[in-house]
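First comes the structure, then the notes that go with it.
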Amino acid sequence: MTIDGCPAGLPLAIQEIQQALDLRIPQESDVVSARREPDVVEIFSGVFQNHTTGAPITLQIRNKGAKPSDYEQMRDVVRPGHADYPAKMKYGGFSDYRGGGRLSGRMTAAFVAAGSIAIKLLSQSGVEVLAYTFSIGGLRLATLPSPVAVRKMTFANSMRCPDEEVAEKMRDIVLNAKQEGDSVGGIVECTVLNLPVGVGEPLFDALDAELAKILFGVPAVKGVEFGAGFQSSRMRGSENNDQYVIENDRIVTLTNNSGGVLGGMSNGMPLVLRVAFKPPSSIARDQKTVNLSKMEETTLGVKGRHDPCVVPKAVPVVQSMVAIAIADLMLRGGMIPRVLKS
Amino acid sequence: MTIDGCPAGLPLAIQEIQQALDLRIPQESDVVSARREPDVVEIFSGVFQNHTTGAPITLQIRNKGAKPSDYEQMRDVVRPGHADYPAKMKYGGFSDYRGGGRLSGRMTAAFVAAGSIAIKLLSQSGVEVLAYTFSIGGLRLATLPSPVAVRKMTFANSMRCPDEEVAEKMRDIVLNAKQEGDSVGGIVECTVLNLPVGVGEPLFDALDAELAKILFGVPAVKGVEFGAGFQSSRMRGSENNDQYVIENDRIVTLTNNSGGVLGGMSNGMPLVLRVAFKPPSSIARDQKTVNLSKMEETTLGVKGRHDPCVVPKAVPVVQSMVAIAIADLMLRGGMIPRVLKS
Amino acid sequence: MTIDGCPAGLPLAIQEIQQALDLRIPQESDVVSARREPDVVEIFSGVFQNHTTGAPITLQIRNKGAKPSDYEQMRDVVRPGHADYPAKMKYGGFSDYRGGGRLSGRMTAAFVAAGSIAIKLLSQSGVEVLAYTFSIGGLRLATLPSPVAVRKMTFANSMRCPDEEVAEKMRDIVLNAKQEGDSVGGIVECTVLNLPVGVGEPLFDALDAELAKILFGVPAVKGVEFGAGFQSSRMRGSENNDQYVIENDRIVTLTNNSGGVLGGMSNGMPLVLRVAFKPPSSIARDQKTVNLSKMEETTLGVKGRHDPCVVPKAVPVVQSMVAIAIADLMLRGGMIPRVLKS
Amino acid sequence: MTIDGCPAGLPLAIQEIQQALDLRIPQESDVVSARREPDVVEIFSGVFQNHTTGAPITLQIRNKGAKPSDYEQMRDVVRPGHADYPAKMKYGGFSDYRGGGRLSGRMTAAFVAAGSIAIKLLSQSGVEVLAYTFSIGGLRLATLPSPVAVRKMTFANSMRCPDEEVAEKMRDIVLNAKQEGDSVGGIVECTVLNLPVGVGEPLFDALDAELAKILFGVPAVKGVEFGAGFQSSRMRGSENNDQYVIENDRIVTLTNNSGGVLGGMSNGMPLVLRVAFKPPSSIARDQKTVNLSKMEETTLGVKGRHDPCVVPKAVPVVQSMVAIAIADLMLRGGMIPRVLKS
């Protein structure tokens, strides 16, 4: 993986990237699929004497622990909900049917590694990106959690949820689904604090547009919304408009239904977005499908251990993607210098 | 406006573009803002002898009927919910405060003109894009409407809703809000039929990613979802997975919770997406805001006639944006030839 | 034409663009083709109260004086040296055979209009772009002209050459060719002064690479070189290397064989490049060609008045293209702010 | 290194890439710098069962044999003719001064590996790219060599020159310079056969523009020209225009001064371009330079063994770059299918 455009002079140690990777997968083995070998990152270029050089940063995470033999059943039989079928059609049967490729969840390790650099870069400008589990299987946080709670609690439980009690119940929902050979979906929420006003290039490289684009690149995402989002479609203007007031000599809004983005630009309020994840497609239960080479119907229950819920693993991924998109837009908008002072 | 990349040989008359523009704004003057002069399109390049030449197509729609004086109040006082505030901050006070610029709804005329060409181009490959009002102010269609109903009814009423009865009620909701000096939001749904399998380039130029990006470029959009969308976050995998069966020698799915997109590629089922629009920000009611030059709080009620609901006008805009993004991806994927046979 | 990415706050009056257009074509009617109506520019967006707003700048120059009937002979018979033949093949016979399109020299009016804005923008950072005729028909300047001479003399003669005596001889060469129903080629040289060190993004968006790319977009260009250029292929390293010394506390080089670019980045010395223009293809003399519809050989002498040499007109075009590419790279490299202080 | 956009179904064995790498550096140790360990390529993605899958192809060539200690002298003292100085200024002193980075000639190994895939891809469409040494130190080929000679002779001698006798003399020139602690420049010529008509997207992604851009990304390139190139600036139109005739029912031109490109598109004649390389900057002779940290003048003779002439090594690099740019444009223009039939 190569990251181009990172300014020179950012202090960066490989341990920081490694730490982000280590946090990626919850320790509790009952809510995630069997642990493979840990992801170990190497840096090949772009970092010298613990600072970025301005040259492209090349990272490598070797894909250990993949067992190609697990995937032999996938040569001809397409898995419902997976990309197998369109991939086979698009690439004329030449696509690698063994999984682990760029359509697999494994890619998210790379996203998190790249994201850790973007997060570090943004932190130099005081910008903080906080993601956490908002809902699982319909059970959701009652209110917007405080930044303090998010910082302290999110990675303290296997659900990546800043409310301990809700996390407990989410865990039950996940384990329940797992026991029944099934899976559940959920929502990741992400807040960005201290974003300067004016990040985003209207019309087509708008802040919300760029964020949505990169987030739909994450496997299993089915929806993205900002602020009141879909709820705003049920609101009146008088209720949805965020009125401006002056507070401590700063212009702020009384509500934040916009989620911090207006006309494709940040407005100085916290950016708030939500990302809907579908339940993982790989489930033990038998499902109808088709054997492509025989062109006949069959059934398939996906063997092996699989994630009953992708949301906890998705929290650092959303955080990373949001950080990457914002760092790009701030660089492009001249809001981050090309050389950082030490 | 310049459209680059359109293949040569597409039959195209200026009347077709004009017709799309004429359909853009409902005739009924009570649900939309006061009619300006009609939009009249001119073609400056790229079309010769009623066929595209392969060169960029330059269109122009002169902005008639704008009255800059209406906007004098906006020089210092920012309108809640509008892009005024971030635009002023981002562009250091140099932005044109009179409205009508690229952050205004006027841009959507250009989107519709460009979209009419993309729609025509896609039709040569049998691809059909159908958009319609799905909900207004929380009142929604009960079921996915049939393509026949959409084709016949959508533009037959001022709400652009394929169900006549629901349209009547939506109209009441809109007029109600208007009477109270307020506005309402809603959702546009869009279906794409006969899309070939494999449209979209994973990971980052995925079908859903490109569509989301272009749709968030439309003013007032706050959310985008595909298929079951946010609802899938509350579902089990066994319920959400679309199982494959064979029907008339074709592989189809029993359900369409994916909305026709898997792994960032079309899967041959109808593409289904929904776009949430917030209620228009310009309302007659007084709202708190700030005078930037005096840096003091004030109130603002936006004068003049304004749209009480943007959704009916947004239907052809969504249709256009979806067509543009799909035409781009199909061209890029080699699925549309660079020269069309006559 | 739309120019995106220009910072907000650049003072800009339409007269400045118009003036650049007026200077584009030498007044002397004997060395250039018959004067059409003068190019008149209009601004549609991006400028407000004589400053750029940060929004895209849309300019229009109506194409007056084109007489489509002149081009009827070109429907089937391709002109040697012109793009007619590949255009017809590429666009399946749908291309507009009447000329005046994007493959014609007319496009350079747009380049000059856009360039005048880039030149103004660069001047705010002290960067100056000076282009002039270096050679015509093999007759060349003996030495690198001084900036003072270039500023004073270049646009004072019809050859756009900073040496009056050489200009006189060049003029004879051009008129000579014209009398014989023929045309001549030449070279434009361009120097950029006060360029900061480090403009250009290696490897692939390097300073020289971006300049070469944009310059080969100009009709009739057949070669681009920097500094000693092709001559350096005949040199020894000891002779070609520019040795560093300190002069008035600044690091400078004793020679400038690099032309101010090393490793794709500016090195602080004057940027020097040369662009080779072929002789205009449209000549009165009969030449062998083919009638495509009859698929038979024929001859063609291009009627009407044509430029016997494109070089004088190309001087402001090269200047414009160089300014555009450099402004882009400086913006991208964070060397020009997004909002200019007034 | 990652290569995106290669169609699925291209037969590709790692040995083919390795073979291209092995041919990159002449065996004769007297005309090139000391042999490091041979470059060994690994494939990490995008190839499965000896065919491309349509996914990005990731290759890796480990940088063996670099000795960072050689470069300690370069921490403060900039080498004349190298990118050291602008790199240090641009990246604020954070750039990696040890060489071997993306500004070094080592990058060309990656170009050749990527190019071998593009060459293979083009060969499926019958397109052949032939590069060879045209001149060294001013000594040049007298005529355009025949394709047969190029195929047979170019890689049979250490100069990569298709004329054995000229190659002998070039070799003397190189060894002569070497003995004197000096270096020489030269020119690589490249011909592309069987290119279809219409490759290239005017205006700004024109065939010549894209080729020039990618070629100026190669270290030490100072000029690029097509067909008659700079020579055309000294010609008359009647002489330079390539007249069309019919030969065996095909339209061909009597001369090829255009070098196969007109209006930014291929015209069906052989593409001919030349690339000027400056003499290598690293020479044993002492040269004036500056110690940046002390800000004082000094002298530097670059120690170790260095290439006295880069041209022989540049031949496969030019061939690769040309193949990459053309493959990109053909893919983009719909001239190469996205899935190759087996």
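The chains carry the letters A, B, C and D, assigned in the order they are written, with residues numbered from 1 in each.
We take it that a contact is a pair of C-beta atoms (placed from the backbone, for glycine too) under 8 Å apart; a residue touches a chain by one contact, two chains touch by 3 or more.
Just so it is clear, the structure is predicted and the values come from calculations on it, not from any experiment.
Placing every chain at the mean of its C-alpha atoms, the farthest one from chain D is found to be B. The equivalent interface to A-D, defined as the listed pair sharing over half of its contact pairs by residue number with it, is B-C out of B-D, C-D or B-C. One simple way to say how far apart two chains are is to compare their mean CA positions; for chain A and chain B this gives 27 Å. Rounded to whole angstrom units, the spacing between the C-alpha centres of chain B and chain C is 40. Look at where the CA atoms of chain A average out and do the same for chain C: the two points lie 47 Å apart.
Among all residues of chain A, those that touch two or more other chains are 90-91, 102, 333, 338. Against chain D, in their complex, chain C makes its touches with residues 78, 80-83, 85-87, 89-91, 102-103, 107, 135, 137-138, 177, 181-187, 197-198, 202-204, 206, 208-210, 212-217, 219, 221-230, 232-246, 249, 251, 253-254, 257-259, 262-268, 276-283, 285, 287-290, 292, 295-297, 333. Those residues of chain C that touch chain A in the shared complex are 331-334, 337-338.
Those residues of chain B that touch chain C in the complex are listed here as 2, 8-9, 45, 48, 51-56, 60, 90-92, 94-96, 98, 101-102, 338-341.
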